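Multiple structures follow.
Same chain, two partners: chain A is paired with chain B first, then with chain C.
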Partner chain A sequence: METANHLIRPEFLSLGADQIHALMPYFVAFAGCLVTLLLSVIRSVNPKWPVLLGTVATCVAASVLSIEQIREPSLSLFNGMMVSDSFSAFFNTVFLATAGMTALASFRYLDRERLQHTEYYVLLLFSALGMMLMTSALDLIVVFIALEIMSLAVYVLVGFRRADRRSNEAAMKYFILGSAASAVFLYGSALLYGATGSLNLREILAVLQSHPEGMSPIFTLGSWLVLLGFLFKVASVPFHMWMPDVYEGAPVPVTGFMTTGLKAAAFATLVRLFLALGFGKAVASTLQQHVHDILWVVAVLTMLVGNVVALTQTNLKRMLAYSSIAHTGYLLVGLLAGGGSDQGFSAVVMYLTVYAIMNLGAFVVLSVLAEQGDTGLNLHDLSGLARRRPWIAFALAVFLFSMAGIPPTAGFAAKYLVFYSAIQAGEIWLVVLGVLCSAISVYYYLRVMVYMYMKEPVGSAAPSRVSFWAASVVAAMVVLTLQVGILPARLVHAAKKAVTSL
Partner chain B sequence: MMQVEPWLVLSFAATIFFIGLTGVFIRRNILVLLMCIELMLNAVNLTFVVFSRQLDSLAGQMSVFFIMTVAAAEAAVGLGLVIALFRTLRTVDTDQIQLLKE
Partner chain C sequence: MAWLDNHLLTAVVFLPLLWALVGLLVPGGDKSAGARKAWTLLGSFATFGLSFLLYDRFQAGGAEFQLMEKAPWIEAMGISYSLGVDGISLWLMLLTTFLTPIVILASFTAVEERQKEYYFLLLALETAMLGAFVATDVFLFYVFWEAMLIPMYFLVGIWGGKDRIYAAMKFFLYTLVGSLLMLVAIFYLAYQHKLQFGTYSTALVDLYNLRLPGEGWLSVQAILFLAFSLAFAIKVPLFPLHTWLPDAHVQAPTAGSVILAGVLLKMGGYGFIRLAFPLFPQAVAQYQVAFMILAAIAIVYGAWVATVQPDIKKLVAYSSVSHMGYVVLGLFSLNAIGATGAIYQMLNHGISTGGLFLLVGMIYERRHTREIKDFGGITKVMPLFAVAFMIVTLSSVALPGTNGFVGEFLILLGAWKTSPGLAAISALGVIFGAVYMLWMFQRVMFGPLDKEENKKLKDLSFREVLVLLPLIVAIFAMGVAPNFFFRKMESSVDSFLRRAQRAAVVTPVAANTIEGKN
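Then we have the complex of A and B:
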């Protein structure tokens, strides 16, 4: 039919100069993947330095290119299968920065844990590339392939501590459940294809708008399955059981990368899918009401379960895993409110960026504090940390204040924006419950502070030296957290610009 | 040549898919779990092919090739993880792998 003719028209097979320009970040990232892969088999010198250098250079170069593209108008690529707009450029920057920072911060950690295999950096880059493709994809199959590029790399990263049982178990669990979720998503896309005759998100939306009376049951089932797959990826409540286990079993820097990059990628794509499936646009359908009601319940449950279970955790890594579930809940609130408020989805974009900044910082701090085999991350191990290592304690305190949403930090600005847009959308009860849950969360964040600042130090083990790179990443994140917290306007503006390009 | 009704193939694919999905949740052997995931992906392939024929559009058939490639990559990674797991734990039974507390 029409799509078949589109596929073989020669003008779609060549790239214009503007398209090549728009694709540069992807080319650079992909070239970086291949070059680091080649560098990692060097025999004459230890390959760890060249590979680290290559990874960081790739991330810096590609993110500079992406930052430039935030200002540029959106451009359709590859026959409408991908798009390069402010939204994708904005998130590309976030992913590349996350990957680069993670690479820098894990260098010393990997040395200490005897895990210094250069594949680590290559996998980080590949997964960042998958995230970039995923947020710019406009075709369900491209979304799937990008999702798999990202996930397959992360499955291996989670199991990177090859000789450790917990790491293996976490990787296996994540792999089985993650692949099942991808398959569910894929089955949903197959049904959407059957119902609308297209895999392209824009064409699906066009079909949806031309049938105001409602779609076939196949379409309804398909969109549910697609949504289900993504709710799993972001670990919202009925599908959250894998998350604490995986976060606990994975090496600390990988956990940091997962909470920031993976979550941002999944939510960014979810925003795109949401708009494509007619949510937030004036497509009057019962489906939209159902999606709204179910997501409402899911958001409340996610906030409640995440925060309440986090109260009982004594392991810092596991506590942050549950707090990450709670943050998914706040993000879902933003997603629900997106259609009905002035901010639109910019609250979600803002929250994701801020969450990436503060969580990345917190996990770099954890990777500095962790002892051999990721032990020594229990609450009582932190007793008197402020006296032993005042700067580390201060940084962790800033990140935890930000996660709790206490004013001079970025977390407050982001949470304020999410709840404000929810009020504008008329979701008063959701906001009330969200603020209550947020109040619960203050308890477990502050408890860490109590241990760090008000208890006597235990043990007298000489602290390991903090690597220069990890320290600079932490310092940069502290500065960003405070800067965005005090002057949020610039980031809000960038987020708005990103969302309007959708 | 005999014509097969599309809805018959579609419901067949749906059945296979949900057998796979159920298997992921109730089976205990990791190798069987990997097979269940393959089952789900292949059910999706079948669905795509049927819709592609029904809609007379090539996009569905194209998707099948991509899904097959991804499934192969997934199997490679999955089996690699199974080997790593077996080396440390000497078992492929998920009941005996419960180090991470709930």
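Then we have the complex of A and C:
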């Protein structure tokens, strides 16, 4: 015992009351993971209901705890390896809400596709936990571990339709390429460790600041590789090739979860890395110039390729996959501008939240519309949808208008903030290119409208019933999309508050 | 009532939308069609009535913007919900609230499918249009400006003609591309306000105070001016950006065409008046002649193209290009006569072209064709229709005594003061206008009644007379008593010109901030 006490520094183990309080959302989420895992082996009754309820209850409880923490001051945890601040609390809420709603909206889908319920919900929870840890990490190793918790769960979810070859292919592709990206990230972290002697972001920043003349090439290479790993995860061009196949092969609700939760987690972590390393604050200006130039090119390519390729898609799921690439481009614009504008990275935070809302809604609609085996999502299948199912068509129209950035929807407010902050950062050409790309995007969003509203219905028999839960999720997302579009002030304020806590 | 006194503009703007939302409670289907029509018509009348209250409260010669309302909206970016009306937007609002009941009444028999959505969209469109006319915050203006596209897109795309989808898509994308570049310019202006005054604001009255370098063809002012002008010139539409208009006008249902021609095109002219001119006075002076030349081309070219159209509706659409060219010509004359004429012409065009589209719609409902060659001698079977058609046609060719004459005369007078050569060329447009309108009228209405189908045509019904009568009254009222309309307009035109002609002094500070921010 004596020796053990010497080896383990007491501050590693003892948690103060305030730290326990700050960790409560994580504890609740983790406990939820374990409990649902246990519940899923019940054999006396069908476990799908208890597990669903457990999952949703966990998400609700943990997000209520997170919402309370948005107002609290930031607190360093585990010897500076993690931090609990408004930023992490804000995003924890987003992740948990996304996971909970995905679980709710998937219930009927899983029934229809005859898939296992229980594992699905447990994996959703685990990946949400990974996201939460990732955005609150201040240490590259913790980032890596959290990234893997999140990714591994999602690899399985992507391949969840075991009997379907496309789903298998998607899972395989995603697993191999995702692992490669993780390896690149890890290699970059190792180089950073070699250059600075630490994996802790604050210590790396201290080293950076003590070398105003610039860092060694090893450091530069390391930071590029870390950035590259993330650019891969968010599917920015030219690292996007995996994404349409994966999005198309994955079960529809999982695709929705990936485009919202996963993307938000990766971007939130990038924002934290950028801010923690003083991006935009005149630290190591040559490196910053490099990162800026790389991101500039990647952002333009991402917006352009995503939108142009989406133009030619006739499958709704694939179209939204490419449009998701385009939205990554807008987010990169916000990331690029964050350092140089008064709004800071709050534009990115706002955009991520809004994108999560509208995209989650759109994918829930898709999962309602999809027929056995995720078919029936081609554009011509939507012909006359407005007559057959007016409310579903209306909801999808709201989400698509919002993605196109047409007021008075949330997408407009978010795009406004992103491009406005880019103008403040002096990126006029980037903004001009960005708005032109978003003009391109309007065409393919409107084309869906053409099929839904302006074409005659095609033969389809009586539509399948929409589950109450899926309908509530869609309705909530429609209300949020319009509410944030008409009265965005509160979300803008919350996003700003989250970012200033960093 | 106290609330109404302080929020009259909000009430006028949002009444139609609110009315439409309540109207959604009326169940769909044919059984409740009557109730739905009555409800919608009542709503548009209520808005029209409320806008009269507005007219009453507006003081001629009073403050520049009146009945102002202001509430914080997105404080972090200085965006506020601020409304205000001046003598120019007052008349455009009245035009909007005046035309809406007319088009609703005109749609009663024309639209049989999906009436619930149709009437909802019409009223929602009215809210967006009214909002754009009274917004005094650029962000708010932009929101209404773009939101307007959605209902119009569906109106054209769902209830339009054969090529409706192509036309709706073209209309939406064309307008949007222009608007998006304007949005970039708005970002820039908003940020300049922060740089120059230290606070965020997107309120128009604040942005008017910006000092932007304006020397040369590609100065900051000039680039911003061109970005705004692109949006407005597409909407007007100014040659050579007019190609969306014939498609949209021809394919749109009658109500859509009337609103497009009557109000949406006015948005372009109004945008020049409210935003482009006062914000960038030096750039306006720089590009004055260029725009006047484009306007003159639009006047003559639009008239020529209209002359050879085989389709009546297309002819009317191209006549819009010509008539709206006068508006741009008058505005860019940069004098009180030209500007007053331009604003007057906007109102005229709304009434006379709106009337023409309604008449074309009425005959199309009877014959399901709009080809000029399918008609001839219609006067014999439809005398009432012939009288109405004649009056509106004469208004369109600017016969003295009708509204068209006042507008075009003033514009040409104003243009003459600035550029006699261009005024002379544009005056040819008046002659060409008479040529294509009267020639069309002759081929459709006179001559032998030699087509079998035309012999059984029914004359105007009582409802159709009700639709056309207000327009005809307006044509004569505006033709013989223009001073009544000018009275509440004059001081606003003066302050518009004062802003548009002010010599902006470029302070070195502003120049530096712009250089540094690149």
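In this section, the second predicted complex is superposed on the first by the 489 of 502 C-alpha atoms of A that agree within 3 Å, B and C clash if a C-alpha of one lies under 4 Å from a C-alpha of the other, contacts with A are read in each partner's own complex, and residues count from 1 in each chain.
The criterion applied here is as follows: contacts are C-beta pairs under 8 Å (C-beta built on N, C-alpha and C of every residue); 3 or more make two chains touch, one makes a residue touch a chain.
The model shown is predicted, which means the values in this text are computed figures rather than measured ones.
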Partner chain in contact with A:155 - chain B first, chain C second, else both or neither: first
Chain B versus chain C as contact partner of A:412, first or second or both or neither: second
Chain B versus chain C as contact partner of A:454, first or second or both or neither: second
First (chain B), second (chain C), both or neither touched by A:166: first
Touched partner set for A:426, first chain B, second chain C, both or neither: second
Chain B versus chain C as contact partner of A:294, first or second or both or neither: neither
Chain C contact footprint on chain A (complex, rising order): 342-343, 387, 401, 406-408, 412-413, 416-417, 419-420, 423-424, 426, 428, 431-432, 435-436, 438-439, 442-443, 446-447, 449-450, 453-454, 487-489, 492-493, 496
For the chain C and chain A complex, residues of the former touching the latter: 72-77, 114, 139, 142-143, 146-147, 149-150, 153-154, 157-158, 164-165, 168-169, 172-173, 176-177, 180-181, 183-184, 187-188, 190-191, 194, 517-518
Of chain A, residues touching chain B in the complex: 1-4, 7, 141, 144-145, 148, 152, 155-156, 159, 162-166, 168-173, 175-177, 179-180, 183-184, 186-187, 190-191, 193-194, 197-199, 241, 244-245, 248-249
Of chain B, residues touching chain A in the complex: 10, 17, 20-21, 24, 30, 33-34, 36-37, 40-41, 43-44, 47-48, 50-51, 54-60, 62-63, 66-67, 70, 73-74, 77-78, 80-82, 84-85, 87-89, 97, 99-100, 102
